[in-house]
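Heads up, there are several structures right after this.
Note that subunit A is present in both complexes that follow, paired respectively with subunit B and with subunit C.
Entry: the complex of A and B
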């Protein structure tokens, strides 16, 4: 069997074939792909520094990533106006020529009124109350949301799979202990628990948020894996492996877990959506990522102050849409994955 | 609840979308506010007319107190002092609001008092025939009990106790005389004693101070008596029928606790408050537009703009290597964009200040000029102080230490939430890296007291324009006092000490002006702004007037609609 044939017949390919039939899931995956690109390329998409520039006799590549001291007090607009093409100077601009921290004090035109400013040709999605471009902040906020989502879920999948496998495989006292701990953990309301932990911590950053979500939400994964392992360990192929003299570790890692991962992946996909919502809620409450880091929830906090007097609908609409789209996309992808993995739904 | 709102962000969005698409109703005529309304001045008619008795008066208050015992440190916060003092609790004397801006003393539970020529003995004659809300008569033993509760080291009364560090003795020779003796003269000693001791019955102070029944249901001698307190909702007071003084006009006083400013604005728009307080600057500005949708505010309310005796500052902890040098502090002050902050963040409502005293008093030197926003000058000063970018990483350094510090911020301050990221950008441009750390109010205050911060912001306020800055700037007060930035300057110490024993107001003001100039030159703080009361009162409310000591609700009445 060639490698390509192996791939075509492999489990991943089967999942993909199932997924491909579900239009909604494909759209969701497309949205997620765009989100990932946004997170990866935030600086190329929105920055107050150019992607590349030749000015004052020096060429800078990616000053939007490196923030060189020579360009510290420059921004795209200022460079644009003083660039002299006749001397061979040039610039590659990011798609949105505003950085997420560029306040009203650094606007190309002198503002006539106090921010927030409504969407116009300059700021496509308007600005926040400090005059910072909402689009730039949403693009950069994607990174926070996705990082929190994926890291937190990775942590809890790791914990949940390990504990679930141990509990399911060994049963008895191990199972009892893990199950009781799981039940205790399930009683913690995650959001309040995180708020309490963050209250005790001196550093404000993404890390404790991710760690606490990771340390509290592993229970579902644990129960899923435990149930799967309980079911699988009685099947013949496990018996066969044991008869061949395989160690416990080998049986768990090579035979049980690969077969139990399906539901875990589904739970993880939903979990990312949940973690993103928690991060937004925390930022909304002012306990998320430290300022001035852009995050969707932080934009919504500001929006909360501009509901009616004065109304600033763009502060609610666009970050709200970003959260809504991402969470919906993850949930749809999760549903698609679940159906694709469900043997009863196979053709 | 707010978390739930965040989670439902998407739903809110959908609702917003629908709203947008509705066909616009026929545009009603614009409502153009009068100039006085725009300036926040009450029109003369509010003070005119024959008072009518009756009616309830609802005030929006932002914070819920931990308790209603005026003597207790953890309960006595700014707002509860404002609405309890003079209404429920009375002191021996009060600040006379009619003598703004001097605020002379006016007897309240005292009939009068005499001061010995050396200012060290105060003899107070107490008012006869005064009854507490629980029916007990008021005598000197109640004053004594209150003073003893404050002096008791077991009790959490350190704020008030600080007034009595120089107390020598006190006695109640008869039922209606009270005498206090001080070890040394101090210009505010008697004034503080007379105005700040909320008198309550001696019987109410028996038992564990932290769990007294009066902590929940206060007993005083004032024109309003406590009725109920629904936690998180409202505190209600009714007219005291057996009040010793002039009968108040209002039958009922309701303090509505609404913490969230957006919710408060919506309730206000629905007309639920007779007196709306703490209007957010953006809201204040937005209802000025003349748009018909603001008619409820323009036609229903008078706006009140009145500068409070409060100034906000940023403190640089001088125990840190960066801030000991005056030149660094001046450089940071030159990076504060005064004008642009005034226009874009304060919307022209808060006023920049340089003075640690009440703006309209003679204690401020009006010739002190604010440092300009000047990035080049700041850079020069930082270089002079030895902060240069020697390793080319874009961050200033000195003796191998990079200029990196953390700003401790209180998440509840909307203004600082906007200002600090702005300063962060300003500082970054000259090569100073500032991180922002948020801390909840109790943690925040504890860390300020422990000098456990690099930079932080606070406001100092006083209802009394006669104030003493000893506790804030004297070098001895960096331990246990309010000198959180550990400022120490012998000349300032000397001035502060002279001020304390100068009883001649003119001479004292001259010393205070020198102190003001010196403190600003030293940039002990980055002085920011004076904040105004941004309030609004329903148009049928009469006899109400803003003052440093808040509103005098004893004179307020409601004009019945015809």
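Entry: the complex of A and C
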């Protein structure tokens, strides 16, 4: 069998074939792909430094990433006005010539009114209270949301799988202990708990947020894995493995967990959506990533502050849409994945 | 089963209370003691508050007070924690009860409808519910404020609070209508997410039941579709939805932090938020314990409800 044939018959391919048939899931995957690209290429899309520039007899590649000393005091707008094409100077601009931290003081136009400014030809989605470009901050905020989503979920999937497998496989006292702890965790309102921990510890950075979400939300995965392991361990192939002298660790890792992974992946996909929602809620409440880091929830806090005057609808609508689209895409992908893994659910 | 959970909850809360970087003394001494307090004063303070004892003794002391519902005094205004909670609890209860009621009132018919009927309307409803489910409540809340309260588009609902000025002087009818007027937006924000999930559960439950043999039998007997759906299918599919009630409470409490903050309602959510913001440890621990106990009670309640609606379980318990 060739490698390609092997791939075609493999479980991943089967899932993909099922997934491909659902138009909505494909759209969701497309949206997610765009989000990932936005997170990866945030600096290329929105920056106050050019992607590449030749000025003063030197060529700089990616000053938006490297921030070279020679261009420290420059930005796209300033460079635009002093560039001399007749001397062979040129510049590749990012799509949005504003950085996420660039306040109105560092911008070319000095309007008469105080920010936040409504969308216009210069700032497509308007600016926030410091005159920072909303689109630039949304693009850079993607990074925070996706990182928190994926890392937090990875943490709790690891915890949930470990505890669930142990509880399901060994039963008895281990199971009783794990089940009690799960119950306690489930009675705590997650958002409230996370808020209390982060607020009292007075830490504002991405790592504790991810860790705390990871430490509180593992209960669903744990219960899923426990139930799957309980079901699977009575099947004949496990007995066969044991008869062949396989150790507990080998049975759990090689035989039980791979078979229990389907529902876990589905739960994890939904989980990323949940974690992104939690992160944005934390940022909204002022307990999220520290300023001046761009985050979707933080823009909505400002929106609330300016709800009456000047009624900054652009601060509400666009960051909210970004959250909504991402969360919906993850939920749809999760739904598609569930149907693809379990064709019985389809009518 | 409830007792170990209770201990777990209090232990976890106690742990939160000791998360402070460094010594709780440093927070306690913020105001009452000057920065140059002598070692002797500090020691006396420690002794007075039992901070020199080992952690497990401190936990035991705290727990024995908790059992007597004594959570100490708020460090913000030195009022008893229980008093402050008692003040704000009714508001949150009112909000969450109404939100739950509203969610079920709308979600159950929608769930039944979307399971029984097929067509474009059913599909549209499903998509709309899915979308609702993915909308962060703080976004919806701010959008609603912008549309209905900011005076920019429609000026229909108030911006903040539960009551207007001069509430105390109003007659009963005026009071009720004023309260209702203030409640519309917050209750909607609190309930739409549960609305979406309840109707999805209802739909799944209904779809499962309707495929079973006894439904086919009922249809074969020539019963009207109405009787089949409501007398036979509905009764059995409502069971998992009822048990959901208890599990939804933690989400409502979490949601109330956001909704109460946005709408400026002095309930438990805002109380908790302010306590966390001001590092008011006794307050945070009091609210956390109470909320967790509340949730535990509601899980118990949903078990009881389960038995009420499903005779099979009652038989098992009895025998």
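The rule we apply is simple: the second predicted complex is superposed on the first by the 341 of 347 C-alpha atoms of A that agree within 3 Å, B and C clash if a C-alpha of one lies under 4 Å from a C-alpha of the other, contacts with A are read in each partner's own complex, and residues count from 1 in each chain.
Going forward, a contact is a pair of C-beta atoms (placed from the backbone, for glycine too) under 8 Å apart; a residue touches a chain by one contact, two chains touch by 3 or more.
Keep in mind the model is a prediction, meaning the values are calculated, not measured.
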Which of subunit B and subunit C A:300 touches, first, second, both or neither: both
Which of subunit B and subunit C A:20 touches, first, second, both or neither: neither
Partner chain(s) touched by A:129 [first = subunit B, second = subunit C, both, neither]: first
Which superposed partner A:285 touches (first subunit B, second subunit C, both, neither): both
Partner chain in contact with A:320 - subunit B first, subunit C second, else both or neither: both
Touched partner set for A:199, first subunit B, second subunit C, both or neither: both
Which superposed partner A:187 touches (first subunit B, second subunit C, both, neither): second
Which of subunit B and subunit C A:101 touches, first, second, both or neither: first
Which superposed partner A:273 touches (first subunit B, second subunit C, both, neither): second
Those residues of subunit A which subunit B touches in one complex and subunit C touches in the other: 191, 199, 202, 277, 280-281, 284-287, 297, 300, 304, 307-308, 313, 316-317, 319-320, 323-324, 327-328
Touching residues on subunit C, where the partner in the complex is subunit A: 1, 4-5, 8-9, 12, 16-17, 19-21, 130-131, 133-136, 138-139, 142-143, 145-146, 149-152, 159, 250-251, 253-255, 257-258, 261-262, 272-273, 276-277, 279, 281, 284, 288, 291-292, 295-296, 299
Residues of subunit A touching subunit B in the complex: 67-69, 72-73, 101, 103-106, 111, 114-115, 129-131, 191, 199, 202-204, 277, 280-281, 284-287, 290-292, 297, 300, 304-310, 313, 316-317, 319-321, 323-324, 327-328
Parts of subunit B lying in touch with subunit A, wherever the complex brings them together: 2-3, 5-7, 9-10, 12-13, 16-17, 20, 261-262, 265-266, 269, 280, 282-283, 285-287, 294, 337, 340, 343-345, 347, 389, 392-394, 409, 411, 414, 417-418, 420-422, 424-426, 428-429, 431, 435-438, 440, 443
Residue ranges of subunit A in contact with subunit C within the complex: 180-181, 183-184, 186-193, 195-197, 199-202, 273, 277, 280-281, 284-287, 297, 300, 303-304, 307-308, 311, 313, 316-317, 319-320, 323-324, 327-328, 331-332
